[in-house]
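Take a look at these structures.
Across the two complexes that follow, chain A remains constant while its partner is chain B and subsequently chain C.
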Partner chain A sequence: MPESLSPVTAQMPRAKLAGLLLFFLGPAVVIYSLFSIYPLVATMALSTYTSDPSGARSFVGLANFQTLLGDALWSKPFWNALGNNLIFFTVHMCVQNPVGIALAGLLSLPRVRLKGFYRTVMFLPTMLSVVIVGFSWNLILSPLWGVASGALKAVGLGSLFAPWLGLESSALVTLSLISVWQFVGIPMMLIYAALLNIPEELIDAARVDGLGQLRIFFHIKLPLVLPTISLVSVLTFVANFNAFDLIYSVKGALAGPNFATDILGTFFYRTFFGNQLQLGNPTMGAAVATVMFFIILLGLCLYLFLVQRRIRRYAF
Partner chain B sequence: MRRTIKAALGAEAAALALLAGLASAQAGSLKIESWRNDDADIWNSKIIPAFNKHYPDIKIEFAPSAPKEYNAALNARLDGGTAGDLITCRPFDASLALYQKHQLDAVDGIKGMENFSDVAKAAWQTDDGKTTFCVPIASVIAGFIYNKEAFAKLGVTEPKTLDEFHAVLEKFKKDGTYVPLVMGTADQWEAATMGFQNVGPDYWKGEVGRANLISGKEKLTDPQYVAAFKEIAAWAPYLGSGFQAQTYADSQNLFSLGKGAIYAAGSWDISTFRGQAKFAMGAFPPPQPAGTTDCYISDHTDIAMGINAASKNKEDAKKFLEWLTTPEFATIYANALPGFFPLGKTPVKVEDDVAATMVGWRQSCKSTIRNSYQILSRGTPNLENELWNVSAQVVNGKLTPEAAGKQLQDGLDKWYKPAK
Partner chain C sequence: MTTEQRARSISVHLVLIAYSLLAVGPILLVVMNSFKVRSAIFGSPLAPPDTSTFSLIGYEKVFRSSHILLYYSNSLIVTLVSMALVLLFGAMAAWALTEYRFRGSTVLALFLSIGIMVPIRLGSVAILNMMRSAGLNDTLTALVLVYVAQGLPMSIFILSEFIQQIPKDLRDAARCDGVPEIRIFFEVVAPLLRPAIATVAVFTIVPIWNDLWFPLILTSSDSTHTVTLGVQQFLGQYITDWNSVLAALSMAILPVVVIYVILSRQLIAGLTSGAVK
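Presenting the complex of A and B:
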């Protein structure tokens, strides 16, 4: 018998135990099935159908996936979107998370004044609507009336300014950085909370041994918050591969210029809902959504089997 | 415990039924689906009251969605059975698909449909032209709106030919006070709709070229189409700095703040400018390429209205559509929304001078609709989407006019086989 069963439940009559389980787990199972599992399964089912102009649907098996991955008309934009998505994710991993960790490290230093103020200010953008963020940055970076060009000129770097959001070479990275700016508060908060959990004795002991704050951070604190950092990475991965709103609000569903900012989310939106004269194609859209689901699932599995198992947790 | 659950379910069912009852509304009321959320005020304060003078018992609710979301939202509501009684129709395939899915009724039986010409109805007919499923409301005309003060200051006049047009732009560029030509490529469609489709019809001879494209007699790689791309590619030096990141709203603001000389315009911009611009404005039709005599304008049938096939109140909906065919409605609409031009055969007096100028072009030039709209945007890749993309790239200097034509034609060839 597994040791986790408590003596109380072990002695319960079976029917009563079942009733208890139903009572505690039932609501969650029902709600989760209804709002998460059912839509997921229904989407996958829909992706195996195709519809004719009259709206009637017929079963086609995996034909939609064959088209999506095999027909250059569909596969080219799909791989383009996936590639862009990887860049989007890489920027977040290389900028958002290190900056988040650094900010959390700074905030957790002893004797920092106005901690609460900084924490709130840095978390604020996360709570703003994406539409507001997109609109503000559009204005800030606008070559016509944005403050960015003026600010650069004021420090003698005016020649560096370019209409970043409009250039094929820089639009995607610019948008990624805007997203980083918005969401950097989340890794900061999570890691900050983990840092606060580290017992003072450990830090004190290190200090007695003569370590400075920098080395304490890298040799003591950072290893102890690694599990949280990996959690943050997974959250970033899932959020990035589901991202859509920022690109849509700044660049529209056609994710220009020349699809340079097209990510899986916008590609899905165009396919499912259509754009201007392009009619929406729900069955093909469902196929795109299913592929997105499997990409995320694959990423999570890799994480689970390659990373999660190797992380050592310390119980304080 | 089981009993309480049952009771709760019962109460919930009752509540749902009540809500459903409220939503489906009583007879004598109609709900209009539209993407014209900018016009909500005009519908509520002018159009609906005017209709209610004839039919005081019919209560009408104007319920618009944001233009970007309209198609998606409407389709979802139609599929879910919660859409309004009257559906504002996008031109061509978006509405045709609704008719084919039996979500729109035919409107041939509506009294007053004979007030519209075949061209006016073409955007809302089946391919064989036998059935019409929306009542045409208005078209929009593309051209150029200019700042009269800026023109007076530099002593230039409305350009008639493209050579004159370029000379005017060059003069404004040298002077430096104004952005010579206001257009951005960030939103992509500006380059296609106010660029390519605006100056293009003179090259491909309007409806003739459009029909030839559909019949396969012309290709987008033909010189007339490449020439149109060459023309818009030549605009780049005259656009505002950083035009690659200039959005449509930026363009509107730039011009209405008086910082631009010429604005590549759709007539729908007039009402925005009327509210904001403090200077006198004029309009000129797309200047003619060298060696052409006939002029063509993009006079695009854009907006119509049909009946939701699932409506519970079709009788009243028909009365409303009948009223839409009358000159009374056309007059109110044309003057409340300068820049949206009624499509009826009876001419309507337009008070706004810029709008009147633009609608006046119908007398001197031949009208055509955008060539990507009928039939040619039915497949994948979608010609209209492609056109936005390549037009923006051509203006950005990222794609040559020849490559643009080739990309469009290659895309079209992948799925479109013209009828022989």
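Presenting the complex of A and C:
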């Protein structure tokens, strides 16, 4: 952007410019490289080593990955965690995003009063720690306290209640829904902001043509916010395949019952740190982290090359 | 308004009210019951505390059997120091990247933006090794360093957008008066970035305050626990003591809610303006 340059900086002597760059960029680049990029690279490098009980490390190439994907002792929990993670992500995509879009659509309707109040209240859970949210829902859904079963009884659905978090068949979906409940505020806010950016003339033209609010939403507003929806999707993907806190705080590192709620984050933690069943293994942990990195990278590339390219960007 | 319009408006409000209740209901329930005696928690969970059921026993137990105040001060130190450094170093880097043209600036900007999408958590194995060999294991410094590295990419991105909006004449006028570049940044540009603080805060303070992963991995002794980790461990230990559990949860919830309600307007404005672009 040559036009953004002021003449003074363009005429600056090279040595002076270098000094300024060092001063302004130095701290950020050093801390970021040392504590963010270097650990990522070092973790990948470590994944090609193995350590014996004495702590000495030796290079083994891709053997850790062969073990992880081929040895049943490792591959079974790994595929289980990956599968569960996909379910976790699917629930978010199918519930969190549609609900977020619907709420944003309602908030952006003309002449709705108290918008600010609704927004503030509905975004509140997103601000809380996942640990607190997980534990609070753990209490609410607990048969011991009986709040959830009592609420269902009050509307005549008492027979539907089950200790969802404790059952192998429903624990994962329940946890996913708790996470959806917490993070629905993010798609809601981002899509709401995108909806507000749509020019008034477009909406007015449609209204003059006799379209109702529902058709305006589906035929005009929704296609225009598709870029934001795909951004939300990729944010959800990265967050989900990196999730840990919720499962750990509700179910512990063993992600019970019988690993039914184990996702990659908890699998990584157990591999790296160990637990009641096994000793921690930093090199295998590094291998799991590397696989997670490539999964996230795959998601990001899909987003950048497929979604982002195909969607036409509308200049607002 | 016609009757049809009114009916539609009422149904919109009904949906929004219902969802709002779903969003705050669980939080209210926990906070409300933390002020009640044990029998009332189980007997009538939905009733607010009254004179016969009000009790602070849970809070007393939390204060007695955990170092909750220490956890608060640890969280406060880590969050505030990290945020100050993220803002300072982030603004400086954003200034250099937007204001000066130099070879490799695009590559550097791309390099810095990797951290926006790739979670630093995946480097935990190496981070722990580094902190151990540097003797920083189990210190708040280790947490601050990691959080600054984590927060910088997003803050540089947001602050660059803000700096681009500052009129060029301002700094050029200062340059004509012969003011050195470093003083231009600190005395002319930096004060104008104040509105950006709220936006950066949403993306840095909240994730740092709420983080469980790095305290879990990098701190081992009670004296370096943050609120999130301290409360998590307390909950695991006292799981059958409902008064204490509800009180500990409320003590973790309330400060965040109070700050959120005070700052919600700026926080939401920051979220919607900063992330859409």
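Details
Operating definition for what follows: the second predicted complex is superposed on the first by the 282 of 316 C-alpha atoms of A that agree within 3 Å, B and C clash if a C-alpha of one lies under 4 Å from a C-alpha of the other, contacts with A are read in each partner's own complex, and residues count from 1 in each chain.
Criterion: a contact is a pair of C-beta atoms (placed from the backbone, for glycine too) under 8 Å apart; a residue touches a chain by one contact, two chains touch by 3 or more.
Everything numeric in this text was worked out from a predicted model, so none of it was measured.
When the shared chain is aligned, chain B comes close enough to touch A:L277, but chain C does not.
Shared-chain residue A:I132: touches chain C; no touch with chain B.
Of the two partner chains placed by superposition, only chain B is touched by A:W74; chain C is not. Between chain B and chain C, it is C that contacts the larger number of residues in chain A. Contacts of A:P53 after superposition on the shared chain: chain B is touched, whereas chain C is not. Overlaid on A, the two complexes show chain B and chain C touching the same residues of chain A, namely 252, 273. Residue ranges of chain C in contact with chain A, taken from their complex: 8-9, 12-13, 15-16, 19-20, 22-24, 26-27, 29-30, 41-42, 45-46, 85, 88-90, 92-93, 95-102, 108, 111-112, 114-115, 117-130, 145-146, 148-150, 152-153, 156, 164, 168, 171-172, 175-176, 181-182, 185, 206, 209-210, 212-213, 216-217, 228, 231-232, 235-236, 242, 245-246, 249, 252-253, 256-257, 260-261, 264-265, 268, 271-273, 275-276. Across the complex, chain A is touched by residues 68, 71-72, 75, 92-94, 97, 100-102, 184-189, 240-247, 250, 254, 372-373, 377, 380-385, 388-389, 392-393, 396, 398, 414 of chain B.
Across the complex, chain B is touched by residues 53-55, 73-74, 138, 141-144, 162-168, 251-254, 256-259, 270, 273-280 of chain A. Residue ranges of chain A in contact with chain C, taken from their complex: 2, 4-10, 12, 17, 20-21, 23-25, 27-29, 31-32, 34-43, 46, 103, 106-107, 109, 111-112, 114, 116, 118-125, 127-132, 135-137, 139-140, 145-147, 150, 181, 189-190, 192-194, 196-197, 213, 228, 238, 242, 244-245, 248-249, 252, 272-273, 282, 285-286, 289-290, 292-293, 296-297, 300.
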